[in-house]
Amino acid sequence: MIEAIHWREECGVVGVFGAPQAAEWVYSGLYALQHRGQESAGIASMDGGRLLDYKNLGLVSDAFRGGQLDRLTGPSAIGHVRYSTTGRNTLENAQPISVSTRLGGVALAHNGNIVNAQELRREMEARGSIFQSTSDSEIILHALARAQDATFEKCLAEALSQVAGAYSLVVLTSEAVYGIRDPHGFRPLVLGEKDGAHVLASETCALDILGATYIREIEPGEMVRLDASGITSWQLFPPSPRKCVFELIYFSRPDSIVFGESVHQVRRALGERLADEHPAEADLVISVPDSSNAAAQGYASRLGLPYELGLIRNHYVGRTFINPSQAVREQGVRVKFNVVRSILEGRRVVVVDDSIVRGTTSRKLVKLLRRGGAKEVHFRVSSPPIEWPCFYGIDTPERRDLIASTHNLEEIGTYLRVDSLGYLSMEGLQLVQRQPATFCYACFGGKYPVPFKGMPTKLSMENDLEGEKHPVDSTP
Amino acid sequence: MIEAIHWREECGVVGVFGAPQAAEWVYSGLYALQHRGQESAGIASMDGGRLLDYKNLGLVSDAFRGGQLDRLTGPSAIGHVRYSTTGRNTLENAQPISVSTRLGGVALAHNGNIVNAQELRREMEARGSIFQSTSDSEIILHALARAQDATFEKCLAEALSQVAGAYSLVVLTSEAVYGIRDPHGFRPLVLGEKDGAHVLASETCALDILGATYIREIEPGEMVRLDASGITSWQLFPPSPRKCVFELIYFSRPDSIVFGESVHQVRRALGERLADEHPAEADLVISVPDSSNAAAQGYASRLGLPYELGLIRNHYVGRTFINPSQAVREQGVRVKFNVVRSILEGRRVVVVDDSIVRGTTSRKLVKLLRRGGAKEVHFRVSSPPIEWPCFYGIDTPERRDLIASTHNLEEIGTYLRVDSLGYLSMEGLQLVQRQPATFCYACFGGKYPVPFKGMPTKLSMENDLEGEKHPVDSTP
Amino acid sequence: MIEAIHWREECGVVGVFGAPQAAEWVYSGLYALQHRGQESAGIASMDGGRLLDYKNLGLVSDAFRGGQLDRLTGPSAIGHVRYSTTGRNTLENAQPISVSTRLGGVALAHNGNIVNAQELRREMEARGSIFQSTSDSEIILHALARAQDATFEKCLAEALSQVAGAYSLVVLTSEAVYGIRDPHGFRPLVLGEKDGAHVLASETCALDILGATYIREIEPGEMVRLDASGITSWQLFPPSPRKCVFELIYFSRPDSIVFGESVHQVRRALGERLADEHPAEADLVISVPDSSNAAAQGYASRLGLPYELGLIRNHYVGRTFINPSQAVREQGVRVKFNVVRSILEGRRVVVVDDSIVRGTTSRKLVKLLRRGGAKEVHFRVSSPPIEWPCFYGIDTPERRDLIASTHNLEEIGTYLRVDSLGYLSMEGLQLVQRQPATFCYACFGGKYPVPFKGMPTKLSMENDLEGEKHPVDSTP
Amino acid sequence: MIEAIHWREECGVVGVFGAPQAAEWVYSGLYALQHRGQESAGIASMDGGRLLDYKNLGLVSDAFRGGQLDRLTGPSAIGHVRYSTTGRNTLENAQPISVSTRLGGVALAHNGNIVNAQELRREMEARGSIFQSTSDSEIILHALARAQDATFEKCLAEALSQVAGAYSLVVLTSEAVYGIRDPHGFRPLVLGEKDGAHVLASETCALDILGATYIREIEPGEMVRLDASGITSWQLFPPSPRKCVFELIYFSRPDSIVFGESVHQVRRALGERLADEHPAEADLVISVPDSSNAAAQGYASRLGLPYELGLIRNHYVGRTFINPSQAVREQGVRVKFNVVRSILEGRRVVVVDDSIVRGTTSRKLVKLLRRGGAKEVHFRVSSPPIEWPCFYGIDTPERRDLIASTHNLEEIGTYLRVDSLGYLSMEGLQLVQRQPATFCYACFGGKYPVPFKGMPTKLSMENDLEGEKHPVDSTP
């Protein structure tokens, strides 16, 4: 498996109520959300009180190539794509999770991460629950099944009042499809409509592929119920928005509207602001395709520099690439990217990327650019240094593996072998947001909005950002 | 899928403690028990407290052909083969079921059927349990996890005190492998030893393939624990043996010792007794291979008639046979059997079968024999008429589909188009057993040893066997 | 892969003209001929001048499980099953071979072996032919395409006049299906009829599964053409029958008629004759199932000894059995066979087998029988010692690996650890045949009917059979 | 299968001599050439005179995922990726084709199309050749095998002197790897070097992924032999270059050097020239990603308009997308592309594409842009109208399905529903080329450099380009 450029993506969810064959809509929606998870795909549908489901490893189109979609009949359905991990048979962790409970058949698909999963699990096991997966999402279903309230909605609310962390959920019952976001709204969830049917999805690009109209976001702490009578909404918890800023910086598709904002426009504005903070004397600007395209364009246009397509991405990557023997192994990043020498040759190049995680890929990219003829390489990052792991649904490495957590800018620049290096500042990032206080910046500053056992210690935010004060822009 | 000759087989289980790579032993054991279930196969092993498992559809050798066995490391393991059903993706019902509980990781493989599963499930769901399969076996794990006793053994005992029905279980924990039989001992379970390691298996043929020595049966109501210190035994419930007589008549392999008896010898004795009860004027005796071979031999030798191999079985059957179009469809039983014309031509033939379920296959066989040249066909059955469904682990049709439940002998004989028909009597069957009172005969007489909701009504056993009083042996 | 008991089987062919969907008939026929080859299966059909085909590795039912049969439309078709070899991707050698030639589309399926293949191939390559497989059968198609005669039949005749060796062929063209046997008729080929359609097959069991009527054998040196006007026959070559006697002894199914004889009856007679030549003082007779059943029955009945089912065969074997680690590896023959201890315990046992090739499996069987309690083991073989490899379509080991080629009877008996050993004599074998001079006995005596380059040297037949003069029957 | 945007791509070839495990290098090279063919992938290697190969349907990474690469040992190897066709089992047409000939084992991989294939095939069949595929490439091997010259090189030359059309070939023998281009050099073929090993590939991006150094193009009509002694070259035919201009316009990767030119730079220049010929009053310029990116950038920069990423491509497309039912079917182009509304809303948009084939996809794109908010849509095409099918290796539709063949510009503009439409002129296209006379423009003007049977009639080139004289730029 090729290493991901930055960090592994997370999950995507879709829910549909009221379509002729809802699973087909969900399939298309998952197809549009494929960038959010390539490990496994699954769909559950409800037909006349009968819960049907199918899950498989691989991309949506591969997972369902055996005609399984035809069997997922019925007017309501939910689906899930899951990010990639390595070395384990993870089908048991694929979603949706479909179970039988006192409330009938229920299926659930979850984007996010429950931070008190271990405690809840231990407590539930002590009370006699059995767990069939290692997924934190299974806990929500146990809590739901144990809730003793009168209605399904109240049970769901009671269950969710116990779990802490990040969750954008779609839930399928014999009566309805539910969409829920945690009170902080870490992960996105949008609502759309087409031909009288309603659609829930992680991003609007899943509505677009269906030709559905975007209605609005599900609000932090809100639960909506889609059923034959339309949409009903409950505010389960008082909203306290801490939306994941990296959804805008990196995860979501640029053509999506996420958290009410055009992802493309936010990225472009980040690039413009980055240009103000860290201009460069250079001949041209290139991006690390495709997630940094908009930021690079913003950067270039602000400085009046040409934006060029100097790095080409092999779009067949993402599938298995067989580990070649030693002789070829070093080809590394070349499997994914190649340079356009005629663009780079003899030029001073600014390369804009959206983030640096471990720094290893960035280093290889710089080497590739220099071999491609670049005379100077100026690295610009359209987000602040990542110093803290995420615990709300993103698969980040441990703290010690985040290069910005253990090295200052000068050291990073030396490691990357760049002529200059500049990160966007926290202030710059916040300036770009319309409501900066509603976002989570834990990965930059270590201020975790939802505390949990085993949080990284020494959370001295001031100290963490100090490195920012000594930029190495002028490094030769 | 080719229809099974009689009824679908049930399940087979294996457990090993103390082998270098226990999963390999389990694999071989399951291979020997393949006749007990062809739908799915699974193995769970325990390595240093880590529970590993793999399950797949298909035969053992197909299910594990991808090298999965290598990953199932550790000195203890259990396994399961499951019988065949049609038209559903049943991987979720494959076993062993592996779960995480307050008692740690537990895997379970079950041969049998829990008759109060629906009630228990409803009650557990009411108390907040979620079910991920439709398997009755999952209930045992829920009951185990909910038990509040001090030791694992006591919890298991408490759990099993709630379930009624048939169960031969192997259970894997981080410390031990357990083997348990229900108080009636419906299904077999034997214990063996090799090189200091202990082996549990449904039949002794699974010990033989390993070169393990047969020690003894697990007793009805007994639980044994295999661990580093050897074997510990508990009599969980007072024994009340009602062993499934069909294990001897049909299910088990003839080379196995089951319930302490040589299956081959019992079948041979049934054939001899059948000869005493229903002799025939004929030229030769043939069996319906392979399950009736011993009975046919017994029948033949008792009457001094030659035993001949007049029916040949295609041993590649059992796999998928594509449904051909109308023109070829009628070939039916010919896919499975063919006659040796040189044996049958112009002869008066006794065909011995071990049982008749629906009668449809028997009818086709008789037609095949006549087309093969048989001048007369005398049908003999080495067990009494099956009039009642089994609820203890065998997949029988509903009562109305059991031909002997709705037709008397004369009618059956007419339907089969035989020259004479004779079933072994209940008395004859019991005469052959050494301890006739320790067996379950519910499928013949409707006397169900473990009552349950929804039992077939009008259980007037006397009436049920009346048909037996009017044999149609003399039908021309 | 489990080693074959004796030697690997060869190939089976089927051809159909005039059925509504001929490929379905061929599929069923191949299913019945599965014992002749398990490595690969293939079918070619002709629909309106369009040649369609599909080949795959594995058993017929596995190879075609993806619905490929439906696409093989048309009223004529041929098929092939191929024996098993190891360690190579052999799909390119699967048959039928379908090609385009100046005579139009042609498909061919071949049972047998061309002994001058290397010479012909070299010569054809010298004249500009290219070979896409290593199969000797491809040569026939090249020769056919190069033939310059006026009609397809004449071209086929010309092509076959060049090839020496064993061939039973079915050939498909846009007009007809052809069946051809080499002048010696080494391999069988029969003709049947159903509903106006004609069927060619290696054995009659393939007619039986279709409910087709057996008409007759294709004669040695004969070519038949099945087409819309019925059957046309040509005697291409003067017949010089040297039919493979091992088709009767071992390869064919006992329910087949092969070379005009009931396979079952021949085997039974071989057993009877063996009893005359090598009686034994024993308590019972068992067979090595299933190929030796009839011979063992014949042996037992001649001596008035009981025939018992003391060895049970696991009929799921033949599929992949994963190579277990050292600890379990020695289980060897136990994967395939198990004993019925209650039959063997304390008894003097005669075990009848149809042949001994290397002797290794026989030795393990004897060990198994002794461990199963047999007091004495008397080994009887219903054919003479195999001392020479076959070059006419059977995959035998090299001469030095044939135990009877390098050891005398006493040595073999010692190696097998038997109490006595007896092979049927050549005279005995010939006495059983109705036309003994029409068979090939090359594997016993080294008299190869069709000479070829690289034939084993020192073909002193007298000497080869000398060993027979010193039987070791009396070995304790 | 999703319809290709323009036309289906063709094939890619790689050859390596002198690497430790050459097949691994070929694998990586094919990975980089994946855009040239997604239907099947294959590699043949030579190890000690033994020719090994493996071919499979699907992408390179899928086709070889079963570990087959490890078995393709040896220091020399060739490989092939093939374009996608629909509805047939095309494994038999996958390449390399590996055969045995009088010259030994030979494997061949071909990019291009032989225009006299039918005649040659008929003639060869008449002389006794048999064809196992419908591939025109098989003919080259037959011709090679029939050539009677002294050396392999001379035989190859003789064979190629018979075939007309387009061929860039890599050929593997036990001694060497050959690279050959037809006299017109329709398809590209480049030579590189790494660590003493030599590499042949369709494009330089396959050298880059290996870290190999680009040496030069193979010349039209040239044959090179890579072997232990280095590179030997022959000019087999006098060069008469007619290189496919669409390799530069559309097929090749922008990071490749093809025909000695940077693909990116050529496309950019085409866009600039297009701007000169057909400027537009607009707010921004977008491309149809990714093949038109460079042209759109060139267009935008020439006019001083902003280049924006208004269309986003789903890079998981290209795999199977299950045909949904009617309700979702109309989503069509939305599966592949989505708009960024925030970019398009209320703007006058120029969309630059590299070509228009049928026009159906372009029409859907325009609709998508308008729904995405574009106020005006000005369509610009960076190549002249395609009016003639290609017969030299590109899978184009028939002439009547090429929109520009049957409609004038005004009609096309009306069909596309654009506000204006402009194609680059032939003069403009040629102005951009450094050696315009060395290219093939048959698809624009119908002047086919290599004549063949069945060429489209009425080749009045003057007339064909007339439409160009009445641009519809001013259409409202």
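Read from first to last, the chains carry the letters A, B, C and D; within each, the first residue is number 1.
The rule is short, and it goes like this: a contact is a pair of C-beta atoms (placed from the backbone, for glycine too) under 8 Å apart; a residue touches a chain by one contact, two chains touch by 3 or more.
Note that the structure is predicted; figures quoted are calculated from it, not measured.
Q: Which is the least count of steps on a path of touching chains running from chain B to chain D?
A: Between chain B and chain D, the shortest chain-hopping route counts 2.
Q: Distance from the CA centroid of chain A to that of chain D, rounded to the nearest Å?
A: 36
Q: Cα centroid separation between chain A and chain B, in whole Å?
A: Taking the mean C-alpha position of each chain, the two centres sit 51 Å apart.
Q: On a C-alpha centroid basis, what's the spacing between chain A and chain C, in Å?
A: Measuring from centre to centre gives 61 Å for this pair.
Q: Among line, ring, star, complete and other, which best matches the way these chains touch?
A: Contact pattern: a closed ring, each chain touching exactly two others.
Q: Residues of chain C touching chain B in their complex?
A: 19-21, 24-25, 27-28, 31-32, 34-35, 59-62, 64-65, 69, 195, 205, 208-211, 253-255, 257, 262, 264-265, 290, 293-294, 297, 301, 306-309, 312, 314-316, 318-322, 324-325, 327-328, 330-331, 334-335, 338-343
Q: Quick one: in the complex, what on chain A touches chain B?
A: For this pair, the touching residues of chain A are 54, 89, 97-102, 106, 121-122, 125-132, 134, 141-142, 144-148.
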